[in-house]
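Naming follows writing order (A, B, C and D), and every chain is counted from residue 1.
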Amino acid sequence: MEDKELKDLKEKVLEANLELYKSNLVFFTFGNVSGVNRERRLIAIKPSGVDYSNLNLENMVLVSLDGSLITQGFNPSSDTKTHLVLYNSFSEIGGVAHTHSRFATIMAQSHTPISCLGTTHADYFYGEIPCTDIISDKSIISDYEHETGILIKNTFSKKNIDYKQMKACLVASHGPFTWGKDPSEAVFTSEVLEEIAIQNFYTRLLNPEIKSMKNTLIDKHYLRKHGKNAYYGQ
Amino acid sequence: MEDKELKDLKEKVLEANLELYKSNLVFFTFGNVSGVNRERRLIAIKPSGVDYSNLNLENMVLVSLDGSLITQGFNPSSDTKTHLVLYNSFSEIGGVAHTHSRFATIMAQSHTPISCLGTTHADYFYGEIPCTDIISDKSIISDYEHETGILIKNTFSKKNIDYKQMKACLVASHGPFTWGKDPSEAVFTSEVLEEIAIQNFYTRLLNPEIKSMKNTLIDKHYLRKHGKNAYYGQ
Amino acid sequence: MEDKELKDLKEKVLEANLELYKSNLVFFTFGNVSGVNRERRLIAIKPSGVDYSNLNLENMVLVSLDGSLITQGFNPSSDTKTHLVLYNSFSEIGGVAHTHSRFATIMAQSHTPISCLGTTHADYFYGEIPCTDIISDKSIISDYEHETGILIKNTFSKKNIDYKQMKACLVASHGPFTWGKDPSEAVFTSEVLEEIAIQNFYTRLLNPEIKSMKNTLIDKHYLRKHGKNAYYGQ
Amino acid sequence: MEDKELKDLKEKVLEANLELYKSNLVFFTFGNVSGVNRERRLIAIKPSGVDYSNLNLENMVLVSLDGSLITQGFNPSSDTKTHLVLYNSFSEIGGVAHTHSRFATIMAQSHTPISCLGTTHADYFYGEIPCTDIISDKSIISDYEHETGILIKNTFSKKNIDYKQMKACLVASHGPFTWGKDPSEAVFTSEVLEEIAIQNFYTRLLNPEIKSMKNTLIDKHYLRKHGKNAYYGQ
């Protein structure tokens, strides 16, 4: 008999996957969400190749943080190794989401970071949303999904970005990964990311020379909501 | 026990906020509407950080026109000070709305006024819809939300625009504010603004050299609906 | 007591206006449809400034082809005189529709005819969908809505276009008028026009140098559906 | 009395046509799906000019692979000859779909193949989705719908493309044809194609110089799902 803690984790991950599905960020089975229990050192994640309409508590898959499969019967999402690298690298996140949402993917296909062009962006993401380099042939051939996670991790460390203030990364030629304190926030971040990507895309299209918004305004908007002395929306 | 006048005001503001929500101009909690009772010298406004699905008469917040909080328990929208400047500057408006609606925001992020390119625009807005300058660092740091209102007010006085014939302003790098004779008209103006912004955006994209429509045609369309001798739609 | 013939006409016009409303081609009250009874020499048209949700048989307005108001109580759509010119100029049309549908309006605002770029277009419109010149100041000032009709008529005669094979015209800086054998076909044409305008717009955006499709292919597609020896869809 | 095998085929074709209709890939009657029974050497296809709301088992049309009409009463879709060439050329396909879906059509009108710009594309299509040359006048005049099929077939043989790994082709100035192991997969391919066309279109718009994604990454994504050692989504 399974314990309550794992059931809770699976429930949160199931709900977050269904929320992702309702959000119109995914079409067909393009997307997955996971959640972690750090004390138990395991994650729950969407099974591979199962339609959203057939998701339930029984087919959520448990995998340990070192990659061993815990539950039987269903394979975890093929992107599981990417999720695992993110949990192991970003020690305080509780949920990860991956989509091919339209405009975040278009920006990723353009190898274009999402520069901060307005307060809508700064309300949620502290500065430019990074885009990785194109993954190397060596990484593709050796352990592709694991290396995709490493690519994200290295992008953050090279650019000195704080994953707590920047909960999204575009993987070049691929699409976005997002995260948050739990699976639900990871999905929420995917939804906000898509709207921000749309606004960024069209602003650039009209005005290709547009520069990032000035830092005082980025600071004001991000920090009034997320800083130590936050007062916005509280 | 609260009096009927204030209850009426709150009801109008509540309904207008719900109308805004249904309009798809806002996503998540990005948006707010207020209304004023000029005799009582107070406004009702959406509470800060409350989901649209939880809005009700009890959590609408009352604030006096000089900025003091009248009701207890909920904070007013973080943008309240901007609304107050508008009520104090534009003496005959009855409602104010703020959104981050997609294309109005994209135009604001591009620092681009919405020039009058067609009769659809001229049916509702008398000439170019202005965009403010970028807010100064001093204004950001001192009293940001109040200064945002001042920026709008100054844009209208510098350009000699009549707020009764131009019920919208883009705030550069931020998004639109709209107003009207009551909260409902402020929301209506936000909805029309978004469609006009879309049509303007795509017309420019196809034809970057496009000039404003000639004044005789602007006058004809605006004044046949809103002029002294209006005959359109009546 | 009103006779059956007029009731039938009003019913068709009412249904076509409601169909237009459901089509998402109009927002708010931006749009109107009329129908004609040529033997009685009168048209039925949407009343001016009435919400679509309040349209019914009682408020449909009858106007004679020479412009005199027949029914009492409601004013006809402000665009009535444009409709009348079309019925008087194009002797075999039975219905007229006017919208500010998004992309047809964007093309009109760009003063850009909709060139025939694909078979989807050629299945419905025989060649380039024309756009008028900008209306003259004299026409704006004298009898604007009537002159708008004259502008369409003159565009067709100057360019030698057959109104039976081209059931739409863009009015520069304004928007589209469409027609057909009855009010329902006029609305159908508005709906097809919008999709064709969208496809034309985006094709040009990607490929500004795109030329019209060759005539053999235009002929094939238009004539296999609408020519003397039509075999398509029959 | 009709046999069960043919009833099954008609049912699959009917369902696939209704699925196509629900997908928003077609507007009005622009679209058709067929399916084949190879042993019986016949196909079932949507009747010509019948509204989607009136489709049922009785009006599905049977046509032999050499083109003779088997059922009475309804004409087969005008595009039937194109379908027949595809079944006769691509010996293992079981279903064919044709739409004028918006962005696939826009790419076809631009005479632009859909280059592989991201992993979303490579998950479903192995490399660039081809676009035919413009059909010759001779082909238009002689046997247009048959020649359209020949054009697709020749495009695949000239470019040495495997129809099992590339289940779609754009016909220049016209629109897409897709196929699959059965009618349902042909429709699914049309749906994925439209999303891929959208992402490709907007990526090019932002970044006109964008190059195809590198082959190692195309191979990885396509082959992990569809190759001999596929592990993705299984």
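Here is the rule we use: a contact is a pair of C-beta atoms (placed from the backbone, for glycine too) under 8 Å apart; a residue touches a chain by one contact, two chains touch by 3 or more.
As the structure is a computational prediction, the values presented were derived from the model and not from experiment.
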item	value
Chains in simultaneous contact with chain B and chain C	none
Steps needed, at fewest, to go from chain B to chain D via touching chains	2
Fraction-based call for chain D against chain A, same above half, different below	different
Angle of the C-alpha superposing rotation, chain A to chain B, to the nearest 5 degrees	90
Separation of chain C from chain D, taking each centre as the mean of its C-alpha atoms, in whole Å	34
Interchain centroid distance [CA atoms averaged], chain A/chain C, Å	48
Per-residue multi-chain contacts in chain A, two or more chains	205
Contact pairs between chains, per stated definition	A-B, A-D, B-C, C-D
Residue ranges of chain D touching chain A (in the complex, touch as defined)	117-120, 123, 191-192, 195, 198-199, 202-203, 205-207, 210, 213-214, 216-217, 220, 224, 231-234
Complex contacts: residues of chain D adjacent to chain C	27-30, 48-49, 75, 78, 100, 102-103, 105-112, 134-135, 137, 140-141, 144, 173-175, 201, 204-205
